[in-house]
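What follows is a set of structures for review.
Both of the next two complexes hold chain A, though its partner changes from chain B to chain C.
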Partner chain A sequence: MKYESQRVAMPYFIFALILFAGQIVFGLVLGLQYVVGDFLFPEIPFNVARMVHTNLLIVWLLFGFMGATYYMVPEEAQTELYSPLLAWILFWVFAVAGTLTILGYLFVDYATLADITMNKLLPTMGREFLEQPTITKIGIALVVVGFLFNIMMTALKGRKTVVNIVLITGLIGLAVLWLFSFYNPGNLATDKYFWWFVVHLWVEGVWELIMGAILAYVLIKITGVDREVIEKWLYVIIAMALITGIIGTGHHFFWIGPPEYWLWLGSIFSALEPLPFFMMVLFAFTMINRRKRNHPNKAATLWAMGTAVMAFLGAGVWGFLHTLAPVNYYTHGTQLTAAHGHMAFYGAYVMIVLTIISYAVPIMRGRPYGNSNTAQVVEMWGFWLMTISMVFITLFLTGAGILQIWLQRIPESGEALSFMATQDNISLFYWARMIAGCFFMAGLVVYFCSFFIKGQASFDEEVRGAAIQDV
Partner chain B sequence: MSDMTDLALEPEPESGARQLPGDIAAWIFIFAELAVFGIMFIGFAVARSLDPATFHAGREVLHPLIGLLNTAALITASYLVATSVHQLRHRRSGVQWRLWLAVAVSCIYTVGKVYEYVNLYSQGYNLGTDTFFMFYFFLTFFHFMHVILGQVILIVLAVKVGNGDYDGSDMNGMESGASYWHMVDLVWLVLFPMIYVLA
Partner chain C sequence: MAERFTKSMARNIYLGGSTFFILLFLVLTFDTQVRAMPERDNRDQLTEQVVRGKHVWENNNCVGCHSIMGEGAYFAPELANVFDRRGGGNSEVFKAYMNAWMNAMPTNVPGRRQMPQFNLTDQEIEDLSSFLEWTSKIDDNGWPPNIEG
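Entry: the complex of A and B
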């Protein structure tokens, strides 16, 4: 760590990981509720648990992105952070507001929550993933604006690098698109457009820029490959992500009422959305093969390769499975969507945040070459347990989805099973998914344990070049 | 040379072997773009085979003459770009004016296309008219945007040549930009017969 102010990333990472644990706990609750319908009812009904599970995911990823940014931008710009104090203040504001919101979901019924947060003044609540009270949404917007101000002031006074430019472009996009969450038209079809402008253009648009920038940064650090080479790849990847992702929004417009041409545009462009993810796989593996140094932090290298592969599989392949309109006609809103959602979020965004944590946290803890070998082995056990569990979760949900489509969607009306009858028929897959979920939790515990193992990797493990040399 | 093999997707060619002009990153981008257009062409073919009558009726409304003029404009611009690369490689003069002329000639295409859009739109045709016009408007407009980007690239190249940034020793930038322009041209050479003649 070259700049003292980078250390402000630490609380963001720690809080992100705490929320991550919360997300998984609620994931397990939900998994059980799929098969034991009244589990924890009426204390935590399914809709509340689902809201907590998805909102925690979004919020902890935002904490992760912010932590990554506070760590990366000063080092890239070669200057101290503009205001570490502002970063700390915003951390506490965001952490307290986020916690209060989750507690609100859990302890107040949703309608009352809407009342006491004065949703009536500017109604924005009640939409999937955007359930946050309006006041929380405003808080998120203010925190992000303050964060962007801090980051841009830092970036502008220092060295301009492509990594910083791409990262900040992604973050500005994130902030701007968030504004659509405040627009809640009465017409449901119109509402869905704006809703997707946040949801889709985040995860299949600007977040890919953030992911690309973090991956590029970590690859520069752990491989020592020339910055120019990595930057060129980054440009091509983000260009492809935007070309395919923006019009690819059309795959959400198939059945919500817009003109028929979206069937074509959505299908064609989203069929190409796997391309940037495939290029990220090529990117990560090519750079690591051509490495000019063997960084002793092997765990971070594993995460970097893992995120590229899993993002390609989850976002690319599993997305493509049901993105063509004639296929989506049958698969829309089935467990196939859940399969895709789980692996895509884990592969692309959970793993990229864990990649930067794996690289940066040891350095912030005074271990410039990474954690001790034992800690890295434990961390890699966590990696494999979580990743393989997620593969199984995805496969079981895919099985559930295919059976669901077969029983409920394909047959002509009258012969098709009802929704609930179908659910009974696919419960075996849900049980299997639940078991895989428990293994994921075990993987998370193992991963957390790795943080408590003392010791650090030594300089001797570096074969060529110096791990902390300036690049 | 170093830029070309930077990405190391393939082994460095032996000396004397034919090399890809321009940067491999530009070629990855070009292939990705061609994949986008390729899938749209396949979509067009499938849609046409499902409903040939609509496609035939749609084609009747178009102006093949303007299409032909646009084709001639793009081919001429490509010729100028290719010869300007040749001139630069052999360190001869006349690189810059060829690039500027290519931009000017390609403007015949942009003006022609805008005229066509205005004309069709005023007659009541738009993206939602039928499947043929969906493809017509989307494909040609998507290509139109690529022509604009290509023109911007040609202008950047012309300015850089004017500033003396390119002296023929490193052809990477010039060849990459020219390759992109030829891709735009190539796509039109498929689009024109497909939409104006065969549909």
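Entry: the complex of A and C
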């Protein structure tokens, strides 16, 4: 760590990990409710648990992105952060607002929550992933604006690297697209169309810029490969992401009202969406093969390779599986969608945040070469347990989805099983997913344990170049 | 990558490609929203009651368990075509069904998935029914494949 103000990333990372744990707890509740329907009813109905599960994910990833940005931007710009105080204030505002919102979900009936937060004045609630009260949405917008101001003031006064430019472009895109969350027309078809401007253009658009920039930064640090080479790759990856992903939004427009030409546009462009993720795999592995140093932080290297591979599998392969319109006609809104969502979010966004945490947190804790070997081994156990569990969660949900399609979607009306009858028939897969979920939780506990192991890695003979040399 | 492929070429592909596709997306959005959708979303029948029904739908977070046009949660049945499935395409039948259904929840059958009791007024149930009926008539390219959703 070269600049003292980078340390403000620490509370963001810690809080992100706490929320991550909460997300997984509620994931287990949901998994159990899938097979024991009345579990925790009526105290925590499924819709509440799901809202907590997905909103915690979104919020902790935002905390992770912000932490990553506060850590990376000063070092890239070679200057102190414009205002560490502002970063601390925004941390507490966001943490308190986020916590209150989650507690509101849990302890206040949703209709009452809509009422007391005066949703009537500007109705934005009750839409998937955008369940936050309007006042929380405004709060998120203000926090992000303050955050961008702080970051841009920092970046503009220092060295302008491609990593910083791409990262900040992604963050500005995130902020601008968030504004569509305030647009909620009375026409459901219009509502849905612009809802995707937040959801799709975040995760298959601007978030890929953020992911690419973080991955590029970590690869520069751990491999020592020339910045020019890495920046060229980064440009190609984000070019692919936007060229395929923007029109690729069309794969969501097949069955919600828009005209038929989206069937073609959405199918063709989203079929190309795996390309940027495939490039990321090539990128990570090529850079690590051509490394100029053996960085002693092996765990961070593992996360960097892992995120590329899992993002390709989850977002790329599992996305492609059901993205062509004739296939999607049968798969749309089944457990196959859930399978894809789980592995894509874990592979691309959870793992990229854990990558930068794995790299940056030891440095902020005064361990410039990384954690001790024991701590890294434990962390890698966490990596494998969580990652393999997620592979199994995805496979079981895929099995459930295929059976669901077979029983409920493919037969003619009259012969097809009803939704609920189908659910009963595929409960074995839900039980299996539940078990995989418990292993994921165990992996998370192991991962957390790695933070409490003392000691640090040292500059040893394996190091070909100086591991903390500035580049 | 070959040395002849320089960083500035990569940057130009990024800038040119993304600008082009953002503009194309805006043009397509304009065409979809201004030209195509009025023909497809039966907005001439989008009454105040339908809009009130949409707010009942939202204020009770229905999408937290159900899907509507395939989007939402996958814990409970698809509802964009529930007007056809449960109402047989008849407004009066559907409203009667909705009234009975909403008031019968939860079933409290042990081990079964439970739908909460939302304590909706008769007016709210009627609004919600109108919203679901209107939704069922959006031209969605023939989805879902069958009545079960």
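FYI, the second predicted complex is superposed on the first by the 469 of 471 C-alpha atoms of A that agree within 3 Å, B and C clash if a C-alpha of one lies under 4 Å from a C-alpha of the other, contacts with A are read in each partner's own complex, and residues count from 1 in each chain.
The working rule: contacts are C-beta pairs under 8 Å (C-beta built on N, C-alpha and C of every residue); 3 or more make two chains touch, one makes a residue touch a chain.
Predicted model, so just to flag it, every value in this text is computed and none were measured.
K.L.:
Using the touch definition from the top, say if A:Tyr110 reaches chain B (first), chain C (second), both or neither.
P.N.:
So A:Tyr110 only meets chain C here.
K.L.:
Which of the two partners, first being chain B and second being chain C, lies in contact with A:Glu260: first, second, both, or neither?
P.N.:
A:Glu260 contacts both chain B and chain C.
K.L.:
Please work out whether A:Ala432 is in contact with chain B alone, chain C alone, both, or neither, and reply first, second, both or neither.
P.N.:
In the superposed model, A:Ala432 contacts neither chain B nor chain C.
K.L.:
Should A:Met441 be classified as contacting the first partner (chain B), the second (chain C), both, or neither?
P.N.:
After superposing on A, A:Met441 lies clear of both chain B and chain C.
K.L.:
After superposition on the shared chain, which partner residues are touched by A:Met279: those of chain B (first), chain C (second), both, or neither?
P.N.:
It touches chain B, and chain C stays clear.
K.L.:
Given the touch rule stated above, what does A:Arg290 touch, chain B (first), chain C (second), both, or neither?
P.N.:
first
K.L.:
Tell me which touches more residues of chain A here: chain C or chain B.
P.N.:
C
K.L.:
Classify the contacts of A:Lys232 with the two partner chains as first (chain B alone), second (chain C alone), both, or neither.
P.N.:
Both: A:Lys232 reaches chain B and chain C.
K.L.:
First (chain B), second (chain C), both or neither: which does A:Ala271 touch?
P.N.:
First partner only, chain B.
K.L.:
Examine A:Tyr34 and indicate which partner it touches, taking first as chain B and second as chain C; both and neither are also allowed.
P.N.:
The second partner, chain C, only.
K.L.:
Looking at chain A, which of its residues have contacts with both chain B and chain C?
P.N.:
In chain A, residues 228, 232-233, 235-236, 239, 243, 259-260, 265 are touched by chain B and also by chain C.
K.L.:
Considering only the defined contacts, which chain A positions touch chain B in the complex?
P.N.:
Where chain A meets chain B, its residues are 226, 228-229, 232-233, 235-236, 239-240, 243-244, 259-261, 264-265, 267-269, 271-272, 275, 279, 282, 286, 289-290.
K.L.:
Taking the complex as given, what residues does chain B use to touch chain A?
P.N.:
Result: residues 6-9, 23, 25, 28-29, 32-33, 35-36, 39-40, 43, 47, 127-128, 131, 134-135, 138 of chain B touch chain A.
K.L.:
What does chain C use to touch chain A in their complex?
P.N.:
1, 5-7, 10-11, 13-14, 17-18, 21-22, 24-25, 28-29, 32-33, 36-37, 40-41, 43, 46, 50-51, 54-55, 57-65, 67-78, 106, 108-114, 116, 118, 131, 134-135, 138-141, 143-149
K.L.:
How about chain A: which of its residues touch chain C in the complex?
P.N.:
Interface residues on the chain A side: 33-34, 36-38, 41-42, 45-48, 50-51, 110-111, 114-115, 119, 123, 125-128, 131, 162, 184, 186-193, 228, 231-233, 235-236, 238-239, 242-243, 246-247, 249, 253-260, 262-263, 265, 329-330, 332-335, 337-338, 408-414, 416-420, 422-423.
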